[in-house]
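What follows is a pair of complexes built around chain A, which joins chain B in one and chain C in the other.
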Partner chain A sequence: MSTQRRRAARWPVIVLVVAGLYFLLPMVASLEFSLRDVHNTHSFAAWGRLLSYPGLLDTLFTSLWVAFGTVALTLLLMVPTVSWVHLRRPKLKRFVEGISLLPLVIPPIVLVNGVLVVFQDAPEIVNGTPLILVFEYVILALPFTYRTLDAGLSAIPLATLVEAARGLGASWPVVLLRVVLPNIRTAVLGAALLNLALVMGEYTLSSILLMQTFPVWMVSTGRTDAGVSVAVSLLSLLIVFVLLFLLSIVSGRRTRELRPFTPSAS
Partner chain B sequence: MTVTEAAPEAVKRAGTSVEFRGLRRSFGEVAALDGLDLAIAPGELVALLGPSGCGKTTALRVLAGLEQVDAGEVLVDGGDVTGVPANKRDMGMVFQSYSLFPNLAVRDNVAFGLRLRGVAAATRRRRAQELLELVGLDSHGHRYPHQLSGGQQQRVALARALAIEPRVLLLDEPLSALDAQVRTQLRDEIRRLQLRVGITTLFVTHDQEEALSIADRVGVMRSGRLEQCDTPAELYQRPATAFVAEFVGTMNHVPGVVAGQEVVVAGHRLTLAEPAGARDGQLVKVLLRPESVTLTAEADGQALVSDRSFRGAVTRVTATLPDGTTLLADLPSVTAADLQPGAQAAVRFAPQPVLLAEGE
Partner chain C sequence: MTVSNTTTRTGAAGLSAAPARPTGRRWVARAAGLLGLLPFLAYTGLFLAAPVVMVVVGAFQDNDGAFTTDNVTTAVSDQYGRAFVTSIELSALTAVVGAVLGAVLAQAVLSRRPDGVLRKAVTSASGVLANFGGVQLAFAFIATLGSIGIVTKALAAVGLDIYQGGFTLFGFTGIAIVYIYFQVPLMLIVFTPALEGMREQWREAAENLGATRWQYWRHVAGPVLLPPFLASLLLLFANSLSAFATAEALTNGIIGLVPIQIGALVSGNVVADQQNLGKALGLGMVIVVGLVMAVYYRIQRRTARWLG
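Let's turn to the complex of A and B:
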């Protein structure tokens, strides 16, 4: 019986190893490739060249602020909206979810033009700079944002908490900030991570709009130099990893604050 | 520190009066409130009692400002608050379901309302501690809601509601999620606290025992209106309508025949409490409390004892009349000794005015 159990316990490990290899092998191979030099030697030559290409820091900076702008605008728009749907128009949930899925089926070019048309009379600062991308990405990320927040709000007794807070004297903004937000923090964090990853890797929209973002720079640089192109994709992966890691550290610290004691028997 | 006797000054306050005038509220076809009138005196605890769906919760939520009315007004201390939003009403509310903020420790939950009012941190902490002592949980301030039992969570919710020194305390079936023992214990505790703090309280429940045992007055509701609002004793002994009579306590439905201002039941003439809406000779169902029915063992008695259950001082005897009617009688246990199942018994009724059941 114990062998059987041991055999059963082996399966998760095997699955984990296979999945790990599936993700890690390409990365290791890429790393190896990016380190190749002439005559079967290895060196950091490609990585060195990468850093010497102009535009790395500029585009990275652009993408970062677009990413954080997208996260901020998304949360600002979507947390109150989804909360409102949950509280006041639960019957509209299906409908709103349907709408939030539209960006998945609408071709990017249509999306781009739609946003451009809406903002055509906006000042140059909006539609002439990467700021326009923030608006595009908020829409692009909508399906993920909506579903994540929806799941988070469904997991808490929202109506009761909100009414309790209202009764204790909380205005609507205070309810959102002090009651709703802290109790769906995991979902908010998830939505933020998805937005971030999306923006840091999105190429199509920004290239159509002729914006010099990090992914656009990556593609154009990679075209000229195979070694550099691989190094650059590893770099972008690394950057996203670091960002996600930083965000989860922030949330991890808060989570520990939240549950400092073990449940009691009483 | 002796907080057990007198309430701390922080939570003591003169009562506030409340008045509902002709409240109406419909949800689609359903009239949840259909002309509700109710006046609550300062410091009074009124329980709203009634069957499921009669509008108790709606009435309470209207007072809290969480629900709008279609017509009528809500007066608090004589002032019209009908249009005032919930966060400006200063009502302390305890909900049926657990409503503590999961992300805040118990003491921060209690201090939440004070924080919104800009009370200084030190004062806030002291007041939260006082209130937790008041509900007997002063050693649990650092815990989180998920680390408390259901009863403890409701105590904290009570402390949180009282912390803001509300004008009125609103309780919507706060005990219904708890098991029987905790329920009665917390019920009595709520009443003690309410008397100590002297706060006007509206307590909603569908449990008549709960309502009768803690309220100064009990308002019985029926389809969005108040049927009767009186002291528990008055309600039980002199119900104004058959609905109230049947809703509060246990009632026998005994067939009788109307004869003028009287009704004949099993050979006895009983006075009607209100003019009968029935013709002479009409067959009706008479409402009789088990304690106003007396059975005595007699070989030629018309009732047949079928069951008995000992309840301490009284014994509830179940008997059947010749026409098949089941009759419950609460008799002093000492006199019920010879009323064993199978025995014949004579039936008599207390000479009190009686009510007739509706629609029969």
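Let's turn to the complex of A and C:
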């Protein structure tokens, strides 16, 4: 019995070590690649070139404002919608979920095809600026957004909270802003982070719509100076990883404090 | 396909939401109920439904807007038909490999403490690799297996020149390797809930009845886990079929995969005025992904009964 148990405990460790090495290899390779200099030497030359590289800061700035726009618009649209469905029309849950998951069925490269047609005669401000990206990224992020907010709202006694607030005379906007929102802040933060990550890495729509975003810059720069693109992509992967990791620590702590027996939201 | 999908879904939800009692007050209440959904419906209608409808319509139009089936016929023949075959082969290969490796890895990860740092790090890393970095992963692999990548150079140093041997990161095999790198984490994300749903009591009951480890897996865990495994496999397939950024960044758009060809047609890189052929290809993709996801949801719904 004890030998069986010990054997059972050993294989996961082996699998984890092998997988860890496999997944770290391209990251280590990226680091080495970005440090390469001429004649088989290594230096921080590529990293030093980064900040002065034409286009990096501009496109990074564009992507960041698109990201914040997407996060703001997503929350503005989806927090009231999902709360409304939970409170007033639970039967429509499947319907809203169905629509929210549709972007999983429609490849971005197909969506962008239609976007080009629908908005070809739209005002310059919509289709000539990254604003169109904000509108469409809200759509691309819908599956994540819906699931995260739905899980967050299912985990709190929403009806009781809202009834209490309404009974004390709070208006609907106040209820949303000061009762619902604070109670699902981890879910909101999670949705916001997933949106941010999606926008900072999205290439299909922005390249076809000819927008100069960060991933588009990365690809075009990579054709002439691979070292810089490898460095930047490693950096952006690391930043998003750290953000998600911090979020998981924060949310883990909160779930433990509040509801010790609830399985983690999936 | 998508359109009919949407309408059936709308119809079903509408029915279930309205227990047929059409008194006046009910109608008012129902209208008021839908009012809260109005912003959401308007938004998804304009930015999701309208583009998809335009793709479907455009697939059956020539450049002057007249009805034609030429685009659809072209989309399934010659180089475009071959692209569908290549895309489906690539997706099937990476989905199967990704699903098997991902399932084993997920089970291994679950053996660690639930609130441990390792679990959290793996979850976050999976989220990043599966959802975030199409372009980033392309560059990471150029640094790894590209013609001057670290692994390529290391292998050459021991006398194994893989590029001499016909390998290239920028062909089918290379792209498959990169895709598997993001398929495994995606499997980890979608399959872990199913593994977590396995009850310890089932194993104990089997053991008390004298089942061996193998019998437990063969007759209890296997049958319960098979549907979610297949569902996850389908999701991985759809994911790989839709992927554009990685292949585009790696090959500069010269590999015969459907998304890449749509991209080339849309941006007018190959022949001008062939946007509607691109839409026909897009329609084909939506049909394939739609079929796959329809099966996925069916399996998923049945699974919920056991592992919900």
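By our rule, the second predicted complex is superposed on the first by the 195 of 266 C-alpha atoms of A that agree within 3 Å, B and C clash if a C-alpha of one lies under 4 Å from a C-alpha of the other, contacts with A are read in each partner's own complex, and residues count from 1 in each chain.
We take it that contacts are C-beta pairs under 8 Å (C-beta built on N, C-alpha and C of every residue); 3 or more make two chains touch, one makes a residue touch a chain.
Just so it is clear, the model here is predicted, and its values are computed rather than measured.
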First, second, both or neither for A:Ala170, with chain B first and chain C second: first
First, second, both or neither for A:Asn183, with chain B first and chain C second: first
Touched partner set for A:Ile156, first chain B, second chain C, both or neither: first
Partner chain(s) touched by A:Arg94 [first = chain B, second = chain C, both, neither]: second
Partner chain in contact with A:Ala226 - chain B first, chain C second, else both or neither: second
Partner with the higher number of touched chain A residues, chain C or chain B: C
Overlap of chain C and chain B interfaces on chain A (superposed complexes): 263-264, 266
Partner chain A, residues of chain C touching it in the complex: 2, 5-6, 9-10, 13-14, 16-17, 33, 36-37, 39-40, 43-44, 46-48, 50-55, 58, 104-105, 107-109, 111-112, 114-115, 118, 120-121, 123-125, 127-129, 131-137, 139-144, 146, 149-151, 181, 184, 192-193, 196, 213, 235, 238, 241-242, 244-245, 248-249, 252, 259, 262-263, 266-267, 275, 278-279, 282-283, 285-286, 289-290, 293
Interface residues, chain A side, partner chain C - complex: 4, 9, 11-13, 15-16, 19, 23, 25-30, 32-34, 77-78, 80-81, 84-85, 88-89, 91-92, 94-96, 98-99, 102-118, 135-136, 138-139, 142, 144, 194, 197-198, 200-204, 207-208, 215, 218-219, 222-223, 226, 229-230, 233-234, 236-237, 240-241, 244-245, 247-249, 252, 256, 263-264, 266
Chain B-facing residues of chain A, complex: 156-157, 160-161, 163-171, 174, 178-179, 182-183, 185, 258-259, 261-264, 266
Chain B residues touching chain A - in the complex, by the definition given at the top: 64-66, 85-93, 95, 97-103, 112-113, 116-117, 142-144, 146-149, 152, 157, 160-161, 164, 170
